[in-house]
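First the structure, in the form of structure tokens, and then the observations on it.
Just so it is clear, A, B, C and D label the chains in written order, and each chain counts residues from 1 on its own.
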Amino acid sequence: MINPNKNAAILLIHCPDKPGIVVTITEFIHKNGGNIVYLDQHVDSEQGVFFMRIEWDLEKFVIQREKIAEYFETLVASRYQMIFQLHFSETKQRMALFVSKMSHCFYDLLARYECGELNVEIPVIISNHRNLQKAAQRLDIDFHCLSITKETKKQQEEKQKELLLQHNIDFIVLARYMQVLSDNFVKHYPQKIINIHHSFLPAFPGGRPYHSAYQRGVKIIGATSHYVTAELDAGPIIEQDVVHVSHKDSVEDMVRIGRDLEKIVLARAVRHHVHHDLLVYENRTVVFE
Amino acid sequence: MINPNKNAAILLIHCPDKPGIVVTITEFIHKNGGNIVYLDQHVDSEQGVFFMRIEWDLEKFVIQREKIAEYFETLVASRYQMIFQLHFSETKQRMALFVSKMSHCFYDLLARYECGELNVEIPVIISNHRNLQKAAQRLDIDFHCLSITKETKKQQEEKQKELLLQHNIDFIVLARYMQVLSDNFVKHYPQKIINIHHSFLPAFPGGRPYHSAYQRGVKIIGATSHYVTAELDAGPIIEQDVVHVSHKDSVEDMVRIGRDLEKIVLARAVRHHVHHDLLVYENRTVVFE
Amino acid sequence: MINPNKNAAILLIHCPDKPGIVVTITEFIHKNGGNIVYLDQHVDSEQGVFFMRIEWDLEKFVIQREKIAEYFETLVASRYQMIFQLHFSETKQRMALFVSKMSHCFYDLLARYECGELNVEIPVIISNHRNLQKAAQRLDIDFHCLSITKETKKQQEEKQKELLLQHNIDFIVLARYMQVLSDNFVKHYPQKIINIHHSFLPAFPGGRPYHSAYQRGVKIIGATSHYVTAELDAGPIIEQDVVHVSHKDSVEDMVRIGRDLEKIVLARAVRHHVHHDLLVYENRTVVFE
Amino acid sequence: MINPNKNAAILLIHCPDKPGIVVTITEFIHKNGGNIVYLDQHVDSEQGVFFMRIEWDLEKFVIQREKIAEYFETLVASRYQMIFQLHFSETKQRMALFVSKMSHCFYDLLARYECGELNVEIPVIISNHRNLQKAAQRLDIDFHCLSITKETKKQQEEKQKELLLQHNIDFIVLARYMQVLSDNFVKHYPQKIINIHHSFLPAFPGGRPYHSAYQRGVKIIGATSHYVTAELDAGPIIEQDVVHVSHKDSVEDMVRIGRDLEKIVLARAVRHHVHHDLLVYENRTVVFE
């Protein structure tokens, strides 16, 4: 993978598949002085859709940063009905962490943050409980406790949105945040909210998946990170992983074993999002690795 | 694991958990000249159930083979309300193979059979198609083609039962047999029919699980072997395994990749069954390894 | 697995295999009022060695805690030339953490410690660098920086031993501590020092294993936790795990990907040690799960 | 992945990394009427080497098949010091199978062959034993038994070479062939001999790796497929996989468990080779997936 700290531009593209797309895009970059450092493409031949992630060094690129999107739209994208996103590797994204009482994903992400592995800014942590407040404050991160009841949910979500706006947040990570976000909230952050669900989706959506897994007598448990959409636990899957269990493992054992899965699966998903490695198309992800 | 060819007795036991069970059982074996070569136990502390698999060398055991069950029932089992099965490692079980058109599990099991890995007799193969007839006959195994339609199902199942009776079959392996067995048929062979389902159950039960997996955009596909019960794909799970896939994998790729999973997961389940490694309790398996 | 907080005794035993061992041990426990809550045994039939882990509830056990070892030695162990360890689940072990600059295992273990998953006391952290001092102090754990050079090593190890004595340490975890301990130091703590090595041992022992893995072009990297012995990276292996890599992964990618392996493999090994799940016999471990 | 049966050309390329390579190659294809159906590239930034696999539909390509290599060399490759291979997806490769006594990889490959999964011709099987002769003949494949001793090796290898020539063989698969090929033989088939080694290389090269694995007390065993080079078990690795074992597994258990690994790892490697998915560079493989 590419060093994310270089001065590079990243394009994520999808469009109807046609001959000539790769030539057109690579010419646009090359002829204008860009040096391609990463290129991966995928053709969904059933649906006839072309996907690409391309990254190039901006050092000698003749088009100004602010103008790249416009030029690309005019000269390339419009000809192929492309939907594209343009990102710059230098830009540090601002991430909000939503937590409840469970600490494993929270600590894991913060440990990565502190040692510099997670290339983001985390200016704010929002929780519906106070349990992790002290730990957040140790790292000098703003912590807001907004407890949620049926009655207060709407109002508290408004406060959450204000905080996110105020801190100029780019995306949200639900690190075992034990509240279902309202449709209205979710709509404000399309493909900007990453959740970790403690099962191998689509098995065991909703609450208490380890209890259900135990009940069904499965021999493997899993964790799934996905973008949050209006339908519960049904958003596009970013990462999944599993671990073997046996009849010896009680529900409590599964909860404990699952924690290690959850934290790693969530961290990988966050990494993909931060590195602009992924595209969503019809509720499925294309993850360039 | 224990050499399955020795002259050994195997007890599979479950009963309400109480103090003294292990002592009582091991005393019964030891005091009567049996040398314990394997012992594993499990206590489900939530339900208060004790499970055990114990295996002992019969060489110097003073109770005759035919009397062991009776003595054990009288002296031990009745005192603890035990449900037990008694098996002898020398007894070669007789297995029937049910297949349709797909050959991967069929060839894999037969290769294991031919090289002596699978410690069974396979006197008969039953199929609803002729595709694998030639391959079966190469190995001098009786092959019966019983094609199934809605109308003929009942009658053909009667013929299947006759064949199974005639060949003195102990258990049935559905090696991608693409017919749903009737409740009536299933009832005749409780915990005697092993199926391989090409998904990570309980995700994607029923038909076309790879299509559903593709549609949902999962990053992992699986295979599940289970005992067949009246409810489709809901019987006790014996073995599961999974493999990572990506957006690059089409449904056809999943089908191909899945074949390797299916054959290995099925073979492991058959091995557990043949070695009397497993117990079923309330639709979940206890697999002693 | 068994709840570690109950008032239970745990015996880890090995001895030459003979008939009657299980009966004798279970009788000793049962007849004296102990309720067996866990029993697992293993016979190495090649070497003729019997291994066992047995755990029983002490509530109604008639032999006093302080006398159990003596009684067991006299009545059971001596007759079978048993080597045994007796532990009590209530006893919280005292663990020292040795670290250098890398923080991932350190943070991971402390997160488990803080949320109560790791059932130990960590009174002291020893490092040859100051990098993690602040983080240690946030959690009010004694932190000692003892920098090591060829010249100072002997003397600093003496200081380490004093600190361990002073804090009444039961075992040591080297959480990516980048110093080779002297034979003399190691001899003081047999099967009491757990290391994490960042390769799939015995491949790539010694320094820079990720560089060697990259150089060799392996498709899988691993991590190994083991007890430290006089020979470098050759002690008994407790846990190993691996992850797939590809030609796309640079050495730096392997280092990053490996961190998640290392922290989980080390945590599992520490858990086994803390729960008295394992025995060492001729440089190999028997891990009861 | 791409349907291998289409009328497509495949280029595998490596060269010093420079700006403009992708544009030049894709232009060459596109401007001459080729429709790119697969493109993957990799830059080894440490060594400054560019790698690519590109596949395009030949239907409307204006350069004749026989001329493509010449045109590509003249117009593209020579300008960038490219080393390239050109393949056509239609061409069915001819594979020779070398076996000894063990049947698992043999049966597995033949089952894939028979059901059409393995897109090759297998005209000849060579063995140093007669054990698998009957099975080979059932499938109407030429079987030659050439037993090997120190004295006869040179002479028998000459006969092997004649057979390979006679059958117009493209590549050789050693399906647990238990003879070390001479340097002289190996030199004739660079990157044309695929071996399966029953360990996680570089751990346990040479003979009896499961015995060594058992002795060392590893918790994971593996299998490695690689191209054969002059140095034993040191050729470029194509595929590796592993499986967990425990103290309960004897050497014989490892041998049995390992068989399933070996057959799948070997089959994956053969598939990559057949699909022209891989490049070798400085004893490491780049595997495009």
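The working rule: contacts are C-beta pairs under 8 Å (C-beta built on N, C-alpha and C of every residue); 3 or more make two chains touch, one makes a residue touch a chain.
Values in this document were obtained by computation on a predicted structure and should not be read as measured data.
Chain centres here are C-alpha means, and the one lying farthest from subunit D is C. Interface note: subunit C and subunit D, two copies of one sequence, contact each other through mostly matching residue numbers (shared numbers exceed half of all numbers used). Averaged Cα coordinates give subunit A a centre that lies 36 Å from the centre of subunit C. Subunit D has its Cα centroid 42 Å from the Cα centroid of subunit C. Each of residues 45, 248, 250, 289 in subunit D touches at least two other chains. On the side of subunit B, the complex with subunit A involves touching residues 42, 44-46, 51, 200-204, 216-220, 222, 236-242, 246-248, 250, 283-287, 289. Looking at the complex, you find that subunit A touches subunit D at residues 19-20, 22-23, 26-27, 30-31, 35-41, 43, 45. Within the complex, the subunit B residues that touch subunit D are 1, 103-104, 107-108, 111, 114-115, 117, 135, 138, 248-250, 253, 256, 259-260, 264, 267, 289.
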